[in-house]
């Protein structure tokens, strides 16, 4: 099993839901980036459950410790290791899941492929594992900030409720004002109601998360196989629960003509711009200097308390399953933090790979 | 610029539209696979333009030569090099594109990032470069055939015309019967008419291409960062003109509840199956043994003869552009071959990486 | 900075001498390998200083903790994280080394390349960092044991004292009986005396470490660029203090004729063998089934208390340096553990890469 | 089988002795490097056999063709493909080698690991395959020249004849004046006589090749696992016939004290220098600005006409073998070109990886 992502700016993630710890090594961050434990804790706090009506009521105090990589308040070029020790990890009996995979949950693969699966709390298949993504993303975001690059993710749809589009600054502001992390405050209320209703039914609901990155230089990504859109699509599709990724207009291009959606060029203040941004900031696999916009389809959390058909893999016979517990009725609000982190990791990686940031020393 | 994809089964692509040749090295194919030049030529012929009303009328005789890797009719474990020499490559004057990027075409990135761009016929940004993908895909498909795995791509939407769903065998049969490579023969006719109409307007239209892979063992892909869905999303998004990728239900998961779409398990003939396949054959990043189903959004070819606003990068001033020439009014039918090849490459790679195929010798 | 080695069986190392911790993630170890914290501690204890007259008198209690990757006494396919927390790391003043590189010590590169160097105790340039190698090597050795593969390193030369050659079983036995880890017990005594004499002079001395791996199947390694000899040479040369690597006869081939040293084949018990093993178990980049034998040249520890010429990098002026402290007068005995670990890591990696061990599950 | 080397500046090699062609793709060379087919041909001509008394009398006209990657006399950032088509490849009967491995020749591994081995002329195990290395090295050397970096390899020992050390400029001049490529012209004559004598005996002899690279900036390489010395050791050990690699003093460090060999620092013209260069330009895995000096042990060509013991793998029985043909009685003079190329590839790769050369465009 490979647990790394990125080429020059590289994350290696480890740990499982109910093991000793979860965390990540961030390797390849140049020296001389100001970085504190608070920079990472701040991002982890955003993904923490138990903070609102729309997430699981489970309380998890995810306190990160830095084991290496920072010297006198700055990175020193060596690997940055962030660890969150798990607490209360033996509080519950998960043995009913030992041989019985949950419908549409990843555990079937874990059980059959590896043959020794820590089924407690989902093990390494748990959403808790995204703590590693967020540690990596926090470092990436700090690194991108030195180049004025910002990355932000927000919820644009939950079930059949769609948010109106808002300008960047409003998105940034509004998502902090509601538990759904949606920029359209009216839609946010309806979304919240829908999620609470699903929770009461013992069901869950899906949605869409959009990510916007601004102040990107033209020329990130390579035009054939290490394209920026391909690398973004990969890391976003790698997030559990994601079943679709689109850039710019995405699937809407299917019923459009080129004359309707081509992004025409013009010069403004000696800078190249496009009149529209249907390409979502990437053409030919390379950034063109416009904001990079992606959207991901997030499926409803598969763990629901309704009775479902499953099997016992040990006995190879059919079996019913009811998954009790406090699961997220909608994972989208928490996925925003992971999408933001994932996007930041790829952008940081390509900023180094394309020569915009010195690979060893930020002061060079 | 990196021009390779795959880890164990690896393609390195080279060449440009109007240079001496285009092609690819396929490295990591195990020895003892029966392989002939015809196996590769057959796939290349499918992507060849000039064969119907719906593609560009440009004739390209893409005859492949094998420079290495086959001994006595079988692969010998060494790199397989396939080359197509370009013909008539100096037939036209492309100098108008030297400093003037085409709206929504990748050439802007090439011009600004590399600073020495072969603008003739799109250079390495040309669709002709997918010859390398198809060479790789042809070898991958032969390798997958030894495991009974089949991969097929077909058009499911052009503009606002959507095809009805058909069973696998009908798809396989019907796509050979119409130039659009659509399984719904009635829709195919309408699609063809729409494309011809767009051609006459000097415009182009987008669409959707679906890929189905069958007889996949459970356990391909790794559950965190080298997931099968992530790797498929990357290679598919890397195809020029693709702006979205989805697996299984894709973006339709957004307004669904888990109780509606969870794939429940059952045992049939001592084999694990799911009642539905909304997951598209992949959960938790790993194949689950059900057919793998992906869909890509293909934008309308950006090169159109309508007048558009662009710029002159040398003079940094605004400039109009009209792109004369014989461009594909809809690239979807030809993209099917590239999507099929790309999917086959990733599947072959993961079959080796996950230990289903010996990396050195097919007879082991 | 990249801190990983191996392709399928991959080590990512982290930490520095006087930071919070040192350790490594072992990624890619198949599930179902029996593994305990003692298996790792046992190897770490071998490299621990302060245990004899020939190492530094510094006491380091290197107690490893496992943060992830083991479930019910066996690996579960997920990353194995081993950590040793540093103790007493602020016991000494290293500020004299802040801007003054030690002759032939790596710190000059750290200072100039990264520009924010934790100079305390050598920082990440310290030999303490090889704890990560040994954690990785301990897991690798357990994995290799399941295939009956053994790896052993021993000292064959210190200064001008050369050990007589001994058979494998005697080497294995004898190295545990003397602090130099030399198989020739008489030479070992002389070596010990030489090292103690060098210590009293405030100087240090070099030597040679040989590594033998037995029960290797034929066919590890690939014949052009991912050769087994090349990969071994890399990981061994990557050990600090190593200035030369040889396989089999090594530099002695230079004044030999082919007729003297060619390894002739014969059949014994339906098995292919060679009469001699001048190739050291590897020809054409691939193992041939004979024992793999390598030798490394280890330079004298550069940190000595004699007065030396150096510079102040901040002021860019010449400056004398005397390096007080308790340094190893000869690093060879402790390097044996690192060479053993490094060799085991590469062999485990190639056993998986070449298909001899299933990448996911040892029971498959 | 993987056939690539390098990370950012990457060579993928292909082809076999008696197949259609041999060659390489050079991927990752930045755009705007002036490059002509003559630049590559010039290097290939140096490794060509049949040019003197000390090489095989086989004539090989190795004329390279460039299939891609150059536009208007300069690289354009796309992969550079160089091909040499083989001639007269069916001139001889090699069937006696089909099942009978030559002692100490790589063919045993090819036969057993891949099971479909092109035994004609050694197939891909032939020295002819180093044409790919030399194509890559030629591009690397041109790229390094833009940074004033020079790389040169020369013979320092053949059998028991050792050359006196010479200053860099004399080495550069003298090696062109004798077929052995040795800087000591008197020793060169004796070496030539020894080689001719070995040829007449139907035997062969080994030697040592030294490589010097000058004008290297400090800071190439990374200090733990992607060290410059490790990467050089790997690529040099990957050359067929090489059994040992050393940097700087190499194996002579074993019987030295630190006080004898530490490289003391001083400031000259505001530049950091070392009084001696026993480290061979690399400490702590990173270049220190002094010349990089490596030495490789080259074994005698294993293919000799004397009768040797071997086996028939098909019948699994013992068998004598006499290898008739025109083999190099000493491969060292031709290995110089391959060592030079290999060193240049790694240096070019690290110049890009460490941020000294822009990865996309030499003009940036």
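Residue numbering begins at 1 within each chain, and the chains themselves are lettered A, B, C and D in the order written.
Everything that follows uses one rule, which is that a residue touches a chain if its C-beta (ideal position, glycine included) is under 8 Å from a C-beta of that chain, and two chains touch if they have at least 3 such contacts.
What you see is a predicted model; the values in this text were computed from it and never measured.
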item: Between C-D and B-C, the pair with more C-beta contacts; value: C-D
item: Chain of greatest Cα-centre distance to chain B; value: C
item: Cα-centroid distance, chain B relative to chain D, in whole angstrom; value: 38
item: Whole-Å separation of chain centres (CA-atom averages), chain C against chain D; value: 27
item: Computed distance of Cα centres, chain C from chain B, in Å; value: 46
item: Residues within chain B bordering two or more other chains; value: 1-4, 13, 113, 124, 219, 354, 360, 364
item: Complex contact set, residues of chain C against chain A; value: 1-4, 10, 12-16, 19-23, 25, 27-28, 31-32, 65-69, 71-72, 74-79, 81, 83, 113-118, 123-124, 360-361, 363-364
item: Residues of chain A that touch chain B when the two form their complex; value: 1-5, 11, 13, 101, 103-110, 112-113, 124-125, 129, 157-160, 198, 203-208, 218-219, 221-227, 229-238, 240, 243-259, 261-267, 270, 272, 274-275, 278-280, 283-288, 297-304, 306, 308-311, 313, 316-318, 354
item: Interfacial residue positions of chain D with respect to chain A in the complex; value: 219, 353-355, 358-360, 364
